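For reference, the structure I am asking about is given below.
The letters A, B, C, D, E, F and G name the chains in turn, as written, and every chain counts its residues from 1.
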Amino acid sequence: MTDTKAAAEQELSFEQALARLETIVKAMESGDLALEQAISEFQEGMQLARICREKLDQAEQKIEMLVSEAGALTKKPFQAEES
Amino acid sequence: MTDTKAAAEQELSFEQALARLETIVKAMESGDLALEQAISEFQEGMQLARICREKLDQAEQKIEMLVSEAGALTKKPFQAEES
Amino acid sequence: MTDTKAAAEQELSFEQALARLETIVKAMESGDLALEQAISEFQEGMQLARICREKLDQAEQKIEMLVSEAGALTKKPFQAEES
Amino acid sequence: MTDTKAAAEQELSFEQALARLETIVKAMESGDLALEQAISEFQEGMQLARICREKLDQAEQKIEMLVSEAGALTKKPFQAEES
Amino acid sequence: MTDTKAAAEQELSFEQALARLETIVKAMESGDLALEQAISEFQEGMQLARICREKLDQAEQKIEMLVSEAGALTKKPFQAEES
Amino acid sequence: MTDTKAAAEQELSFEQALARLETIVKAMESGDLALEQAISEFQEGMQLARICREKLDQAEQKIEMLVSEAGALTKKPFQAEES
Amino acid sequence: MLTEQSKTWSVSDLTARIKQLFEEDDRLVDCWVRGEISNFTHHSKGHMYFTLKDAQSRVKSVMFAGNNRYLKFIPKEGMKIVAHGYVSVFERDGAYQFYVDDMQPDGLGSLFLAFQQLKDKLEQEGLFHPQYKKPIPKYPRVIGVITSPTGAAVRDIITTIRRRYPVADILLHPVIVQGPNAAPSVAEAIETMNELGAADVLIVGRGGGSLEELWAFNEEVVVRAIHASMIPVISAVGHETDTTLADYVADMRAPTPTAAAELAVPNLFELRRHLEQLHARLVNALQGQVRDAQKALTRLETSPVFTRPTHQVRQWQQTVDNLEDRLLLALTKAAGQRERQLAALETRLIRTSPVERAKRMDQTLQYMVERLEKAAQDQLQRDNNRYERLLDKLDVLSPLAVMRRGYSLAYADGKKRMVKRLNDVQLGDMVNIRLEDGWLDCAVWGIEEDKHND
């Protein structure tokens, strides 16, 4: 995998990375890849899995509420009410 | 086998080398080859088997390396959430 | 057998020599040959057998050489995989 | 028998001489020949038998020679392969 | 007996001479011949007998010679092949 | 007997001479002949007998002579048989 | 003018013409009618026969089983309803009838009618067409929620998303969900979210309620706002039995807010598991491929071609040995055969040797010679005997026998002429006297004539 490619993958969304990983897994499972290509795909797949995992780990949930104040919209954290 | 031929075979993918090797094995098993050709095929077969073996060894090493690199990830057990 | 004929037979491939030898044997076994011709054919047949054997010996040596060159390959016993 | 005739018979093949000998024997066995002719035929028959005998002896010698030349080969016992 | 006749008789084969002799003997045994003719026939008969004798002697000598020549031939026993 | 007659009788064969003698004997036995003629006949008879004798003697000589000519076969001399 | 107008109709033609008139009228083909059910009969075949009436009028009606099986209520005698259907003629009776295909109880009558009419209109505009349904993103980063900030719905949505998919951000747009301001509030919020463009998916809805409470989500402004939204919208209004127009137009309909949240985000637990599976499959796939390759290679390496490389050569050697043996045998056989032939002929030749023949000839010749000699002897003997016999006879007959008695004979002229008479001779003649034992040569000395003769 080239650095450029790696860099490009770093920019992928979780969804794109997962989709790409899925594509790679399917391609590999199809058994149609040549060994060399399979290794290369495997390498990329491992990289993508790592990315996906990192993204999942990093995930933090943010809940924001849109509030219109004085005609402008602002975001303010949502406070769930007890009810 | 000429050096050129040997060089060419070095450039073969694993699958190509294996396919060529299989063709040779079948041809030799059929017993239809002329003696001179049988020897030449045998020689090429030995060469191809060596190439395949090397490529496979390389592949195994690579997998091992990649898997062990990714080891930390797989070793981290998944924390199932209570739901 | 004239020298020219002998020379020509030296140039035969193993298969050609074997085929010629077989033809001679069949002709002789048919019992239709005149004695003088039978002797002449016998002489040629013995010559062909010698050529065949020489070629086979050479082939065997070559194979042995190739095998010993590739020794590591064949000495490595086949590891049956559990599957 | 004239010298010319003797010379001609020397040129006969074994089979021709044998065939001629058989003709003579049959003629003699028929008992129809005059004494002089019978003697003459007998003489020719003896001559033909001698020629045949010589040719056979030559053949035997030739076989012996060729076989002893190829001796090493035939003495080498066939090594049956385990298969 | 004229010389011409004697010469002609010399040309007879053994069998012809013997046949002629028999004719003469029978004629003489019939007793129908005149003395002079009987003498003449006797004379011719004796001549024929002499011719026959000579031919027989020659024949016997020749046969003896041929048989002794062929002695080696018949003494050599045939070597039957094992088959 | 005239010389002419004697000469003519000399030319007679044994059988002719013997037949003539027989004729004479018969004529004489008839007894019809005059003495003179009888004597004459007798004389001729004697003459004929002489001729016959001579021819017989000659025949014997001839046979003997021939016998002595023909080697081993004919060593045994001609013996008129006593009967 | 007796034209077609004056033509006399058959009843059937007339009825058919009337039926045609009903069916040509668009308002009669698709109409809503309010009335009260009377004379209700639910036929055993499932069809419903009844009369719709009001204070002034009544109309015969029928609702076939195929339509009435979807009714959410059971029609009863005296029930006020709003029915939808078409008007046509029952030709057998020549009576017009109202053919009902849907009906609602009339309590909600006007609202429901409004709902139905708006639904039909929007449907005709194609707003509900599947081609407008946008796919819901599988892994949204921001989920827009448009609902009341208070109440169970928002809590259910947030809880569910947090539990399942903490990766996503939630952007809440609080709105009024019931009452007269509800519809514009919701519509505005949808537009705002679109303007903002932050959300990947919108959840629009509220908890369950009566038709009136849910009414905002049946209003045209909301439906059009959802339809216009560039962001995929999941509707989550009320409970399963209630279907609002918002549900029809939304890209996805969820029966409850919780369900909407579940539809909006993936399950992270499952996602992780999916990721681990992908990882495992990736490793397995390659290991499998390598293993297969190993197997394939090993199979080829362990083929007899490599494990017994000289096998073929040995076979060939055997072939050559065999051919050589056959060659030798063939020649030996050929030579042996010829030797036997020759020996047989030699034996026969010797057997036909002329030696015996010569011996037989010798015997024959000897026999012939013996016979010849014997014949010659016999001839001589025979002739001698004949001669002797004649000679003896001649002897006996000899006229000279008289001479033994003393007679003699005289011959003249040199014994040529017998002297019988005196005058046969003359004095001095030479005469020969034949005696018994010989001759006398005499001369005639005297001649004496015999006197007493005659």
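By our rule, a residue touches a chain if its C-beta (ideal position, glycine included) is under 8 Å from a C-beta of that chain, and two chains touch if they have at least 3 such contacts.
Just so you know, these numbers come straight off a predicted model, no measurement behind them.
Mostly differing positions are employed by subunit A and subunit B in their mutual contact, as under half of the interface residue numbers are shared between these two copies.
By C-beta contact pairs, the most connected chain pair is A-G.
Inter-chain spacing, taken between the CA centroids of subunit F and subunit G, is 126 Å.
Mean C-alpha positions place subunit C and subunit E at a centre distance of 67 Å. Look at where the CA atoms of subunit C average out and do the same for subunit D: the two points lie 33 Å apart.
Between the CA-based centres of subunit A and subunit G the separation comes to 50 Å, rounded to the whole angstrom. Chain contacts: subunit F has residues 14, 56, 59, 63, 67, 70, 73-74 touching two or more partner chains. Within subunit G, contacts with two or more other chains are made by residues 272, 279, 283, 286, 290, 293-294, 301, 306, 309, 313, 316-317, 324, 328, 331-333, 335, 338-339, 346, 353-354, 358, 361, 369, 376, 379-380, 383.
Under the touch rule stated earlier, the contacting chain pairs are A-B, A-G, B-C, B-G, C-D, C-G, D-E, D-G, E-F, E-G, F-G. Interface residues of subunit C, counted against subunit D in their complex, comprise 34-36, 38-39, 42-43, 46, 49-50, 53. Residues of subunit G touching subunit E in their complex: 332-333, 336, 339-340, 343, 346-347, 350, 353-355, 358, 361-362, 364-365, 368-369, 371-372, 374-376, 378-380, 382-383.
Residues 14, 18, 21-22, 24-25, 28-29, 31, 33, 35, 38-39, 42, 45-46, 49, 52-53, 56, 59-60, 63-64, 67, 70, 73-74, 78-81, 83 of subunit E are the ones that touch subunit G when the two sit in their complex. Residue ranges on subunit G touching subunit D, taken from their complex, read 308, 311, 314, 317-318, 321, 324-325, 328, 331-332, 335, 338-339, 341-342, 345-346, 348-349, 351-354, 357-358, 361.
Per the touch definition, subunit C reaches subunit B in the complex via residues 13-15, 55-56, 59, 62-63, 66-67, 69-70, 73.
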